[in-house]
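Shown next, in structure tokens, is the structure this report addresses.
All chains are identified by letter, namely A, B and C, in their written order; residue positions are counted from 1 within each chain.
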């Protein structure tokens, strides 16, 4: 540790103790649980792990999780970019209200979010009868899962881009305007290159949440094995059947994804920190 | 080389901004928010209203529901408080000190944002149940850390850990040593400096982080239900009660409780925004 | 190209930025909009450019009403105070931008564009700087690139918003001379905004002095100095 003015810095012993305390806290609360996922997953050896993963229900869950993410992440990315463009490059009444609205999904309990969609599309819901009459299934089916995932991941891209685009200002776009560029070119050639890392960051967070969402999906999905169980739901199902090894095996895949997310996130913050929004979540 | 011809004028831009695309992007945004957010919220509130006050009160404030609120809000409060203290510690250590593994520590703090809640749930249970790495030694001391409210607090502490750290870090980083050096020349020792110079500066950030962690903890489901025990009146959180009601096809009951939770979170969101707004104005004044 | 400003009124909320402003600018003139901050000069410039819209009044280019026309279609070149260079593009691409975005039928062939870029780099005395990025340039160099970019489409009107604001004295003087020379050579009608009256008097054929959203005087520098039209003008020039 560098030599610092003693008046404005703690004693070495204090520092060491504080660091130890911080590391212990993070270790107890974060690291141990993370490690236990992998430890439990491989408790019965690699063969058992593999068997658990290739089991048909597990594979179906993996496929469903990937599909849901593949649909919901692009939708929220596109809409998030659109919202950020409207909010940061223009002035209009109600702008601040719009920004606050985008934050709302963060305050809603996932279970409540799932319930809201049930009230809309469930058998007794607003559209229940109409859907039944047309043989369209939203609740207790894949579309419902996509919707539930969409609302819980709604804010990420917008929240990442809005402060970033705000800080970048409008001058480059205005310059492009005076040079004769039509709107879509201004966006593609001037704005997008400036926000690409922020966008990637937002997409990364959206994806992590989309693949890991539990509460909202649990309510809307109906837990139909092999059909509407995403990976997190599959983990719960296996766990409740006391099939711990299999539950942790599937969980370890998700934990692996989380680690990859953290690595890419850290890399982005490190290499392109100046092109990301200032504060986080 | 000829200049471009300007014979066909584009649509007048109007008052709001010369930059194009407002109607399109605003349209997309409204559709997006209306379908995904506003419509469901309206459905929830309308359903609550159609219950009528008596029925609503009966469902939303039954003894069991109240017990669940006490647990959800209470445990979230304790967990947020724990995170306020230790989150501050972690932020301090990350910003002020250099030590091997600091970067790793910093990256790990975001784990609760990246890890699916169900995975966190079973992992925390594995560690803190009586057979677990921490649970076992704790049990020998007579401490039971899982299948009871303590477990709920542990899970919510996991979930809320990044909030305080991430709100305090930038403020600490921006602080600079000027104020501390001034205090030192005036005779103050380290602890006094911390208490009377540093703490007041970062206090608003701590409050914000606390409130965010609290708000998140109240509605948390996946990471809690495995370690909680889930006994009605004892270790049942409100979100679980909602799910139970749904499984019993008691949509009315579920809606009532959900409305209580939702209103509480929206009020919290408003308070947090107001607090942050106030702090922003105070600082730039 | 002549520029006519007729009865322009613009307010921001309750704040009146421009109160019934009118100006007649001759073809080929070099006009300075001079005034303290808050006088409305930048607002007026942006309205002429189409980057803001007035509440009432008209803007005419060569007698044609362009008030409702989008900035892309006004045939202007605009130089921003902070240059607004596209940070992710090379100097070359920045300058060529106005040509690259033209519609297929109107766009010149690639080598013509490249030649034009070279021509402009020579004009602003930055030959060979094409492959650099804005971050690698000094303030004065960035301003030259911004100027070259604005001129690429051969506009007949050049608008500059405090173009030398962020530069040191020596660079300012060099750029001032370069700007006047380019104006004369290319035959532009130019309007530039400044709060520095020495600069205005040194460069402009005519100076419009703005105060609190009104034009206090619009005349040659000599006339303004010798016969200030109001107390405001007198005080401003002290």
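Convention: a residue touches a chain if its C-beta (ideal position, glycine included) is under 8 Å from a C-beta of that chain, and two chains touch if they have at least 3 such contacts.
The shown structure was predicted, so the numbers you read here are calculated from the model rather than taken from an experiment.
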Two chains joined by the most C-beta pairs in contact, as defined above: A-B
Central subunit by CA centre of mass proxy: A
Geometric centre distance via CA averages, chain C-chain B, whole Å: 49
For chain A paired with chain B, centre-to-centre distance based on mean C-alpha positions, whole Å: 14
Residues within chain B bordering two or more other chains: 4, 18, 20
Residues of chain A engaged with two or more neighbouring chains: 174, 177, 180, 182
Residue numbers of chain C (touch at least two other chains): 51, 70-73, 102, 153
List of chain A residues in touch with chain C within their complex: 171-172, 174-182, 185, 189-190, 193-194
Contact set on chain B toward chain C in their complex: 1-6, 8-15, 18, 20
Residue ranges of chain B in contact with chain A within the complex: 4, 16-22, 24-26, 28-29, 32-33, 36-37, 39-41, 43-44, 47, 86, 89-90, 92-94, 97-99, 101, 103, 105-120, 122-124, 126-127, 132-134, 154, 157-158, 161-163, 166-167, 170, 177, 180-181, 184-185, 190, 193, 215-216, 218-222, 226, 238-240, 242-243, 246, 251, 254-255, 258, 261-262, 265-266, 268-269, 273
Parts of chain C lying in touch with chain B, wherever the complex brings them together: 50-53, 66, 68-75, 102, 106, 108, 112, 116, 153-156
Sites on chain A touched by chain B in the complex: 1-2, 5, 7-11, 14-15, 18-19, 21-23, 25-26, 28-34, 36-37, 40, 78-79, 82-83, 85-86, 89-92, 98, 100-113, 115-120, 122, 124-126, 147, 150-151, 154, 170, 173-174, 177, 180, 182-184, 186-187, 205, 208-209, 211-215, 218-219, 231-233, 235-236, 239, 247-248, 251, 254-255, 258-259, 261-263, 265-266, 278-281
